[in-house]
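The structures considered in this document are given below.
You will see two complexes here that share chain A, one where it goes with chain B and one where it goes with chain C.
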Partner chain A sequence: MNKKHKSVSYAKWGYIFIAPFFIVYIVFSLIPLISTFTYSFFEYYERGLDVVGPNFVGFKNYADLFDPSSYINNGEISILTYAGNTMIMWIMGAIPQLLFSLMLAVIFTSARLRIKGQRFFKTVIYMPNLIMAAAFAMLFFALFNTVGPVNQIITSMGGETVRFFDMTVSARTLVAAINFIMWFGNTTILLMAGIMGIDQSLFEAAAIDGATSWQVFYKITIPLLMPIMVYVAITSLIGGLQMFDVPQILTNRGEPGNSCKTLIMFLNDYISGSKNYGVSGAISVLVFIITGVLSIFVFKTMGWSGKKSKKSKKGV
Partner chain B sequence: MKKRILAALVASAAVLSLAGCNNGGNSTSGNTSTSGNTSTSGNTSTSGNTSTDTPASAGDNSGKKLRIACWNYEFAEYFNAFYQDKIPAGITVEWVQFPNEGKNYQDNLDRLLKANESASGDDKIDMFLAEADYIKKYVNSDFSLDVKSVGVTDTSNSYQYVLDAATTDSGNVLKGVSFQGCPGAVIVRKSIAKTVLGTDDPAQIQSKIDSWDKFNAVAKDAKAAGYLMTPSALETYRAFANNATTSYLNDNKFAPTEAFNSWYAQAKDFVDNGYTLTCKLWADEKTNEMRKDGKAMCFFGPSWYYNFSMSTAQQECPGDWCVVQGPAAYFWGGTWMLAAKGTDNTELVGQVMNAFTNDAEVMEKLLLGKGIKEFSTDGKPTDADKFNPAFPNNKAIVKKYADDASYGNEFLGGQNDIAMMSGIADNIKWIKENHTVYDQTFNEALPEAMLESLKKDSGVTEEQAWNNFYKTLAGVDPSITH
Partner chain C sequence: MGTTHIGTGETKSAKTKTTTARVLSYIFLGFVTLISLFPLYLLLINSTRSHIEINAGFSMLPSMNLPLNFQKAAAGGGLWAGLLNSFIVATASSLLSCYFSAMTAYGIHVYDFKLKKFAFTFIMVIMMIPTQISAVGFVELVYKFGLDNTFLPLIVPSIAAPAVFFYMKQYVESSLPLEVIEAARVDGSNEFRTFNTIALPMMKPAIAVQLIFAFTSSWNNFFIPALILNKPENKTVPILISTLRTNVASGGASADWGMVYMTILIAIIPVVIVYIFVSKHIVQGVALGAVKG
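Moving on to the complex of A and B:
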């Protein structure tokens, strides 16, 4: 009897300890998630001080988002344009970031180079991540606007004022650059952890067999680092799709034109404009679907499957 | 046992935090600053701890706090300087501030007003401030009170357009009053005018830019002399838009007005010919033109603009400016005081409104701004001394100073700007039918969207700019067609 009581008691504590997480998850994630899906089928917004709806309209919000002649679109399918903008700015930042971080991670973990002051460098490269994205964007705006220091340098050297925020290419590049600077430190540290998790004896064996640095990199580091790379790519992708604060502040809500407007900025137009829960719910659901599809795409293209990872983990 | 207590604590903490958030609908989450001796110091957020479970009853805390919703501390500064000592003992004043940007202030204010009647005494908004761009929305709603019902009966000294703006569309009920008038002038850089126009006398300058045709012709001369006519293509927008003869919205269908088209034609001409810049109204690039070596001749703005927002010019080149009426009478901004439905401080709100419209002493202090020192009797000169003057919404006081030859504004080289501004204020017309609840969108987002098409490097065509604006409009109100 006593024994039984004890075991029941343990289980109870287990539930109590995990309960806060589930309560928080249900209230802050699950219920909003479900209501987002629900509202996306309703007409529900504010006109001035009046509330319109909620009236059930079926898939009308989705249809409007994809109908070029609807009030949302004016001749094009805006959501695709904004998804395109988001992907372009993400790729411009993420690919160089991944390559650069990989290079740094390999250099820092190299047994041959034995870089000194690693802790210092790790701290320094991680630091930009501690600054708020909004503050970072404000800083870049101050630096690159028409009367900012960058333009002062250009004009003092005899050049003409460059209107960075008037041109699509430069505005997008600056957005990508901020994301790059903010996140490469984080990626580097993740990749370093991944590389350090690889069994050193593999590197030693390769060295004894006379493998060159490139061979070690391609044949040992990269394949065994793949699970971490996939993780980094997918978290970066999800972060990229949710890109909002940097372009919102840096480019004054997506200028020039709407060329820097991202999906979440599009969503924000409807939330801050008229509290339109219907349309913004539909946009959120679509962003959810796009994120899911692209994550699967990343999984596939990086040649990663559950089996392989198990093997490589065992190998490690 | 310890474990059990700990677990209970963790669980209750989680539950409590959730309960706190569920009340969030009614709780205040802006910067609320309780006014002490200085205006903006000590912003205390009262977020979270305002429980609204208990229905409002005329309980202990009723009427103990005067809560005023605002988007900046301009009025708060005047209030603290001129009215603080008249607040009855036992009542504290709390400023509930949300930045104006976009629709942020309106969204937060709407949330508070909707919950105002059921809020407890400490959480009620008693008075709120509204700007010209969205006053129509609140005046025609049930959330504002007839000023007569709070004890404001005499508005004879107010400018007509200020009253018209705060009068309901149907029934002719006055819902708000204002302490300031915002007649817009052209703020001219005298040294540049001397080169371009050959004179720096305000009357002479006015005679050369008193119509848009003349103004546009002078722009060409300014360019020829190496100067800019205006610092931004957006500068003249309100001077056109305020004089529109039609509304942007007819039966909820949007169409650009004739006034808008005139502005766009001028902006395009100015940008193409290099008479102006393509920066925004509050851009650093424009501020740069206020510097000592600035090139722009004409800035457009009311008295709060040159007293409050041209600090760069005030530091670097004071005295080199004058104000003239320019090609069109217009206004920009303005702060109206409205009594919130559900207030538990009706009497005090009425007193504040009366003081800031009819009290000759307060209005005179407002007009003089920096001259407050002379009035100060209670040992508060240092606080008061830093305030900028405003153009008061009180014809009697304005007349007194307009006729006073000894009065002059330092920044404007001693010019009597009150005389000039009072002439404009009499001519401003508020045509109710031409204003919409979306004026902020039409006055900010619309010209900014169209400005994109004027920028050389942007690659945005006029048609694309319109499309982009229609998309913004769809977010603001899905029911508007175009």
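Moving on to the complex of A and C:
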């Protein structure tokens, strides 16, 4: 009775307290999101000082994106090329990132190793995550350009100058390397939280049964950590799809020959240059769909992880 | 955990094995420390070396030309303006996002209302949508209302920060007992006063962590600011860095590298200094929030 009275008299305050968040979200995110989708079906761009459109054109922008002979493409389907570049650079960074982070998380949480100075190491490996990606990329350009310190070392040892930014493989590797350095500390912390969430009695039981640490890792840590690793991998993929700052600055807008151009750099070209809201809207919708599918995956695996851990606890 | 029975039963060979594993672990940790710090070490060293010294050859030791590089980087005043612009935007947006996220989390935690569950689910869903997706509509809106080259579109949207909200919500659930709010009501405090003078101080630890995250992400933000700020006097630091990159020919021979290293150093130093002082809370915050920045 008392409780019911309370909920009736204070309900309006709930709405008042959440109102600013929702109003701002609707004005600055939801309406722009809807208009992004809408413009993807319109011809709407700037030509000089004139604005063309918005004129409804149906799926023309989408058709142009996938037509090799359209004004957007040069004989190839650019959006697929750039999606490919994005995926390649993501994979090159993400695989070492997961391996390193897993090793670090196991080392930090091991009761047998009792690593000292953990706080120092965690502080150091997380730090690159907070550093401005644009500045990090510029630093790598300074270090790896033809007159930079890396080439000075190479030539002083008798080697020839390596033009890192004129070759696809080395330019992509450097983009991946920056992403790796910026994110492996963050992933380590997430995986550590995951390992510490595993029922400790499992490890104790394994120790009593005489399991080797390799067996413990393979038979307990990995299977129980799997849901979190899947979560980490997919959120990293969603982040990877948004890759922009690092390749934009490091490779000077995707050089050599657009081999380091990502999806969001492609999107950026169409918003910032001709303000082509139609084509950039269509690119956004495509990225949104990919991200949406992946997000559903994340939600599913998170639900799955909840069920799994309950089951394992009952089992013990 | 479990040290007693392991300690008694441990054989000599098991002990050696553990020692080997420990040594290998420290070597690995040394290696990742090197990866994380060495680029920054080179940055620091090279900001103290003049352009001529840098071109003369590689060095691991600092020189005396920090003031010279500083003068060159600061010449023209563009960098100062950029730092000030970045500081204004980052301060205002981090304060707004923390205050209103705390308010939203408090609203959903404390009150019972019909749309409470919907509001929470809604925020959790939009947390997954990258900001780049709505950039087209956002930029169009900004230009349509003549807000380009103003800081308003970079500051006001921070009021709706789903990730900050999520962290605050988790915090109030664990550390804001409803009895405290009931007691304040009995004492005649109105709802806003209760939030501002009682709840907000109790949320200080969470707010401190999120202030730093929000400030950092705004300070480092490049994509949206670059689309709406194009007058030289309005540029923020990441945009200046990108201009610097465009100005340097792809080979890099034409740049004054002392000045370039110095500019990079100035761009990242505020965040690094703050981080060194509060790293413990930040690292804990990452583990608790489990939210990507």
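Points worth noting:
Methods note: the second predicted complex is superposed on the first by the 285 of 316 C-alpha atoms of A that agree within 3 Å, B and C clash if a C-alpha of one lies under 4 Å from a C-alpha of the other, contacts with A are read in each partner's own complex, and residues count from 1 in each chain.
Keep this in mind: a contact is a pair of C-beta atoms (placed from the backbone, for glycine too) under 8 Å apart; a residue touches a chain by one contact, two chains touch by 3 or more.
Small disclaimer: the values here were computed from a predicted structure and weren't measured.
By the touch criterion stated above, A:78 is placed in contact with chain B alone, chain C being left untouched. In the overlay built on the shared chain, the residue A:56 is in contact with neither chain B nor chain C.
In the overlay built on the shared chain, the residue A:145 is in contact with chain B and with chain C. Looking at the shared chain after the overlay, A:13 reaches both chain B and chain C.
Within the superposed three-chain model, A:192 lies in touch with chain C and out of touch with chain B [touch as defined at top]. After overlaying the two complexes on the shared chain, residue contacts for A:24 are found with chain B and with chain C alike.
Applying the stated contact rule after C-alpha superposition, one finds that A:132 touches chain C and leaves chain B untouched. By the document's definition of touching, of the two partners only chain C reaches A:208; chain B does not. After superposition on the shared chain, chain A has more residues touched by C, the comparison being chain B against chain C. In the superposition on chain A, A:181 contacts chain C only, with no contact to chain B.
Put simply, chain A uses residues 13, 16-17, 20, 24, 142, 145-148, 163, 166, 252, 255, 272, 275 to touch chain B in one complex and chain C in the other. On the chain C side of its complex with chain A, the touching residues are 1-3, 5-6, 18, 21-22, 25-26, 28-29, 32-33, 35-37, 39-40, 42-43, 46, 54-55, 57-58, 100-101, 103-104, 106-108, 110-116, 119, 123, 126, 128-141, 143, 153, 156-157, 159-160, 165, 191, 195, 216, 219-220, 222-223, 226-227, 237-238, 241-242, 244-246, 248, 250-253, 257, 260-261, 264, 267-268, 271-272, 275-276, 279-280, 282-283, 286-287, 290, 292-293. Of all residues in chain B, only 3, 7, 10-11, 13-15, 18, 102-104, 107, 110, 113-114, 137-138, 141, 143, 278-280, 283-285, 288, 437, 452, 455-460, 464-465, 467-468, 470-472, 474-479, 481 touch chain A in the complex they form.
Put simply, chain A touches chain B in their complex at residues 13, 16-17, 19-20, 23-24, 27, 45-49, 52, 71-76, 78, 142, 145-148, 163, 166-168, 252, 255-258, 269-270, 272-276, 279.
Taken in their complex, chain A has these residues touching chain C: 6-7, 10-18, 20-22, 24-25, 28-36, 39, 100, 103-104, 107, 110-115, 119, 121-143, 145-149, 152-153, 156, 163, 165-166, 181, 184-186, 189-190, 192-193, 200, 203-204, 207-208, 213, 235, 238-239, 241-242, 244-245, 248-249, 252, 255, 264, 267-268, 271-272, 275, 277, 280-281, 284, 287-288, 291-292, 295, 298.
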